[in-house]
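Every chain is named by a letter (A, B, C and D) in the order it is written, and numbering of its residues begins at 1.
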Amino acid sequence: MSELAVELSNVFKTFSASNARDVNAVRNVNLAIRAGEFFTLLGPSGCGKTTTLRLIAGFEQPTRGEVRIQGKPMNGVPPYRRPVNTVFQNYALFPHLSVQENVGFGLAIKRVSKEEKKKRVQAALDLVELPQAADRKPSQLSGGQQQRVALARALVNQPAVLLLDEPLGALDLKLRKNMQLELKHMQELLKLTFIYVTHDQEEALTMSDRIAVMSAGNVLQIGAPIEIYEKPATRFVADFIGETNFLNGRVVEMGTAMTGVEVTGKRINLPRQNEFPTNSVNVTLTVRPEKVGISRPESFADEAKRISFSGVIREAVYIGTDTRYLVGLSNAETLVARLQSSPGHRPGEYAIDDPVIVWFEPGDIRLLTE
Amino acid sequence: MRDFRRKRSVLSALCLLVITSFVLIACSAPPPAAAPPPTTASAGAATAPAESTTASAQANGPFVLLDWAGFELPEYYPTFTEKHPDVAPEYAFFAEDPEGFAKAASGFQFDLVHPCISYWELYVSEGLIQPIDTSRLKNWSGVSEKLAAYGMIDGKQYFVPYDWGFESIIYRTDKVKTPPTSWADLWNPEYKGHLSMYDSGEAAHIITALALGFDPWNTTPEQDEQIKQKLLELKPNLLNYWSDSTEVSQLLASGDAWVIASAWNDAYVTAKNEGVPAEYITPKEGRVGFLCGYAISSKTKNLDLAYDYLDALLEPEAIAAMGNTNGYGISNIKAIPLVDPELVAAMDMDKPEILESTQFYRPLDDAQREQFTSMWSEIKAAP
Amino acid sequence: MENRSRITILMLPPALWLVLLFIVPLGIMAVFSFREGSFGAEREQFTLENYQHFFANRSYLNLLGTSAWIAFQTALIAVVLSYPLAYFLSFRAGEARVTLLTILIVPAWTSFLLRILSWKLILGSGGVLNTFLLSLGVIQEASPLLIYSRAAVVVTLVYVWIPFATLPIFSALERIDRRLLEAAADLGCPPWEAFLRVTLPLSLPGVIAAFFFVFIPTLGEWVTPALVGGAQGIMYGNLIQDQFVRALNWPLGAIMSLVLMALVLVILIIFNRFIRISDLAGA
Amino acid sequence: MRAQRYLSFGFAYYLLLALFLYLPILVLVIFSFNDSTLLVYPLKGFTLRWYSALLNAHELLDAVRNSVIVGFASSFVSVVFGAMAALAIARFNFPGRGFFLAISSLPLVIPYVVLSVALVLLFAQIGVPLSLFAVGVAHTVINIPYVMLIVAARLAGFEQNLEEAAMDLGATYWGTLMRVTLPIAAPALAAAFLSSFTTSFDEFALAFFLTGTENTLPVYLYSQLRFPNRLPLVVALAAIIMLVSVLLIIFSEWLRRIGTQTTPRGAE
């Protein structure tokens, strides 16, 4: 295993609020971020992801626990003595300095020689494709340009870890998509550790090597994008990442290789999942809409291999490549299914109130305790 | 964006300010090389021999006068400058007597001080000044005995009387139908809203006492109460309270005030010179007079300079020049022939009977001062 | 702990400076208010007589009330006159706004004393106004108009304060996001109503700041009433001034000042919710 | 059309108030050329003698110089101390912060004459002689709160993460103050300096009590006002001060114009 760039062990951060009620922004967070990794902290606003980032940057000190960067303990070390740099959410460019002064700020502090500084600033500006803007003031740049300057300002210092706090939040969609790819490309090129904070799950899935999903100060799951999406550990993770269906069920039998679950009054057998050890409890079943199939009752076969329920089409929304169906089940629960337009499924195939069979493979279902 | 523009304008304004100030500094007279006067007074007493003149003066720090503004002109003490060409007297000015006293009492280092008569006793009782050996002043013989007597406190001559003046009623001859002849006429309803009074409790007390026929210096508590009531009755007539001679001239010339009480004679001189139709009366109870004089600090280290300066002030040509410039009376009788005859006439310096009937202010004790001032505060505060 | 040392380094010098040069002198004044007299060792005894004298004499407190009323009128008129000015500068003057604002502040650079003196020349018996009114036949006889009265004090103080009342209102208006007005218009709000519903409420902090920025210093004002107030326009500040400069009655002057400062503090505390102290600076 | 009408109405109101503010100044300027000792109508004729007399009034020029020195020194100290307090108050929460704010706003309301007498007593105790130095020190007391409020308002107005960005890039806390916080607060510092200077330059009560043998301009003016025949001289000086201020403003505006014209061109 490669060396660790950043480690957080049992980190807590508590803010004392004015009304004497303390706010636990971060609770018992443990992270081990590898060198050269694109690591994303993902979660809704207020989940503690920015606080976690600020703990790494040194703007906050943990109430409990330890932060290590490149193996060195960082508790009590001020931001200016940490080998990390930050790209701020609203860029935080110094309005009184020109672009090259902004980018050269960190080098000036380190007393880098003039020629060297000039060279490195120009290289950084070239890297972010802004070679012409050196003499302008930040207020004369567009949002995208400001973003690039902020990036250059951080990168020029050759930090061990680059922290990015929702750096693309203020950009329009198209620019954002471009920048996502560029950032990823840059990270691979520079072989730098990126710690990236975002609330945009799609962005996280696109760019990250690994993602930590956070909620209410806790890290719920850490894993590669595919793991997070395909095998969410909690109901929150499943819900937050993409769209999903939830069904209530009860475990009725634990076999060696299978788990028997009762759902909408029907007994189904699923492959046994490690994450779910207990017998005879209420569970949530989750299945992604794109894993749900719809057939007319008369043409439905393969009863044995697939799990199926009968239902009625309640809603059909055409969304270009897909059609999104809402199917009402017999016990008033609903399932969402997304069917891609294909030779086998033409848009408008099923109409509202059509009786249908919804089905999925047992392996596409995840059992969650909460 | 806008911030930057504003910043630039403010900064450039600042630059200009700096430039202007340097220009001003460069243009003005050479900067005073003298450091602020040393505050320690330990080594002084033994060092100054009696005959020492210039040399000792320089050794003993700057020669400082605590004075009214306007008395610093070199033509008022030419013989001092002749004798000590390298001593430049320094002046700390005050605008009201209590201010000068506050400075002196809080330890300000001065050599000579120039208060007016009401505050004389205070300087003595606080030990701020020393008695004067009049034999060291060759011009002392010319000083009016009547005025000199006011400067005697506890049997010692503490003050050298210098300048004096009248406080009387001045009125606009073109605005007033019945000219005032007495202090009591201030209450004449004809002057309603056009009477200006001196902003001084002492002055108000004295002229009201005179109007009521009391002895201003020996009023009983009942009389004090009557004076207060009488002053409250004056309020409808009052336009405002004046506090200096310039204000009197302006009030009179603009016609805002028709009758001004306790006006100094110099204001009358100014009005006359500018052709304002005004008359300065002698009330039948007599005029009131102010008198100011110089005293020597008990802590002076420039005693010889102080005596030389006092003598220079009393020099007939010098004191006459002061009288002519300021329009004040002078204490050296021998200098009266040198005074502008018009001023002599305006001041009635040649009419001893007027001076004789004049009620000069007297040194006040604390109780009197507090009584006058708190009465005056109450009257001013009253609706 | 790091913050603590920073706070100490930043706060200690100014705090010590103000304590030594402001709090200590205030303490000296407080002690003085109990002294028997201003000078002399024999008058260093402590007494409550000064307080008795002050509170027994209703005219002092009445005058304080009158002064508060004058200050209230002054502040109100200054704010009412300044608001359209600030509005014009912020919303209609465009690029020239800062220049135009600066032009208003320049007269404040000339000696206060002389500007007041000049007002006397304008309003006095032989002044511009009188001459004008005489020629129109509005008045038959020249007389000091608008001076030597309470109204004169208010007019003159309004004159003095207008530029300074405009500043906080102007900066409050500048802070308003112009898109809000577009949003109001979009929601069917005509300009006048948008002003009442959006602009005015949002500029209120500046208005309140401007009001107190005028009201508080006016409460202790003495130069203006002394010069143009005449016998009727005397204010409480004149009494304080008299005790120190003319009467040498420092104990009474100290009491009067302490009462004034207490009143100001009470007002500040009552209106604390509405005033942001930083707004008082007009920045 | 509509905007045009509003503009003209607003501008008319502006002109009216500007006239109101400048009228007394105008009257003073007119009287500074009037050939009479007294400031009364009708005017007596044109003269330049007050201005020529001014050239010879060395004490007056000394007083101007003293005022400029006191103004600069006291404003400088006020800005330094006021900015320090503002930095602490705007960025940190500490016990006594509210108390300090309340206390430091008191100099805005205390009658200056009270403060001057109290300071005279204090300076006598601690052995500070009455002098320009004492005046300057007193002026810092009344100016520090203004500076603090102006600078604190500016600091509250810009994002704290600019400072974090600087620290992130390796600047220490104090380095950040010098390189980022203070430069961004520069307009406020300059404004605070100007306002302090203006206050000090026109301040009279403290100066009168605390000065020794050297006068500041207001002290000199006031002492001259007592003499009717010196009044026109004072008026002439006021006219000059006014003129200099106006020129200052015009010149700085001109500089500003040049500045804004060249910036975009240089940037392209």
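Quick note on the criterion: a residue touches a chain if its C-beta (ideal position, glycine included) is under 8 Å from a C-beta of that chain, and two chains touch if they have at least 3 such contacts.
Remember, predicted model here, so these are calculated numbers, not experimental data.
Seen from the C-alpha centroid of chain C, the farthest chain centroid is that of A.
Of all chain pairs in this entry, the one linked by the most C-beta contacts is C-D. In terms of their C-alpha centroids, the spacing between chain A and chain C amounts to 57 Å.
Computed centre separation for the pair chain B/chain D is 33 angstrom, with centres defined by C-alpha atoms. Chain C and chain D, compared by their mean Cα positions, are separated by 17 Å. Residues of chain B found to touch two or more other chains are 3-6, 9, 99, 102, 250, 253-254. Touching two or more other chains at once are residues 78, 95-96 of chain A. Of all residues in chain D, those that touch two or more other chains are 39-40, 117, 121, 173, 186, 191, 222, 225, 249, 253.
Those residues of chain D that touch chain A in the complex are listed here as 159, 161-162, 164-173, 175, 179-180, 183-184, 186, 264, 266-267.
Touching chain D in their complex are the following residues of chain C: 2-4, 6-7, 10-11, 13-15, 17-18, 21-26, 28-29, 81, 84-85, 87-89, 92-93, 99-100, 102-104, 106-119, 121-122, 126-128, 131, 159, 162-163, 216-217, 219-220, 222, 237, 240-241, 244-245, 250, 253-254, 257, 260-261, 264-265, 268, 277-283. Chain contact summary for the complex, chain C toward chain B: residues 37, 39-40, 43, 53, 57, 59-60, 62-63, 66, 98, 102, 120-121, 124-127, 142, 144, 147-148, 226, 229-231, 234, 238-239, 242-249, 252.
In the complex of the two chains, the chain B residues touching chain C come out as 2, 5-6, 9, 96, 98-99, 101-102, 105, 122, 125-126, 193, 199-201, 235, 238-241, 243, 250, 253-256, 366, 369-370, 373-374, 376-378, 380-383.
For chain B in complex with chain D, the residues that touch the partner chain are 3-14, 16-17, 20-21, 24-25, 27-29, 31-32, 36-37, 39, 62, 64, 68-70, 72, 90-95, 99, 102-103, 106-109, 244-246, 249-250, 253-254, 266-267, 270, 273-274, 276, 326.
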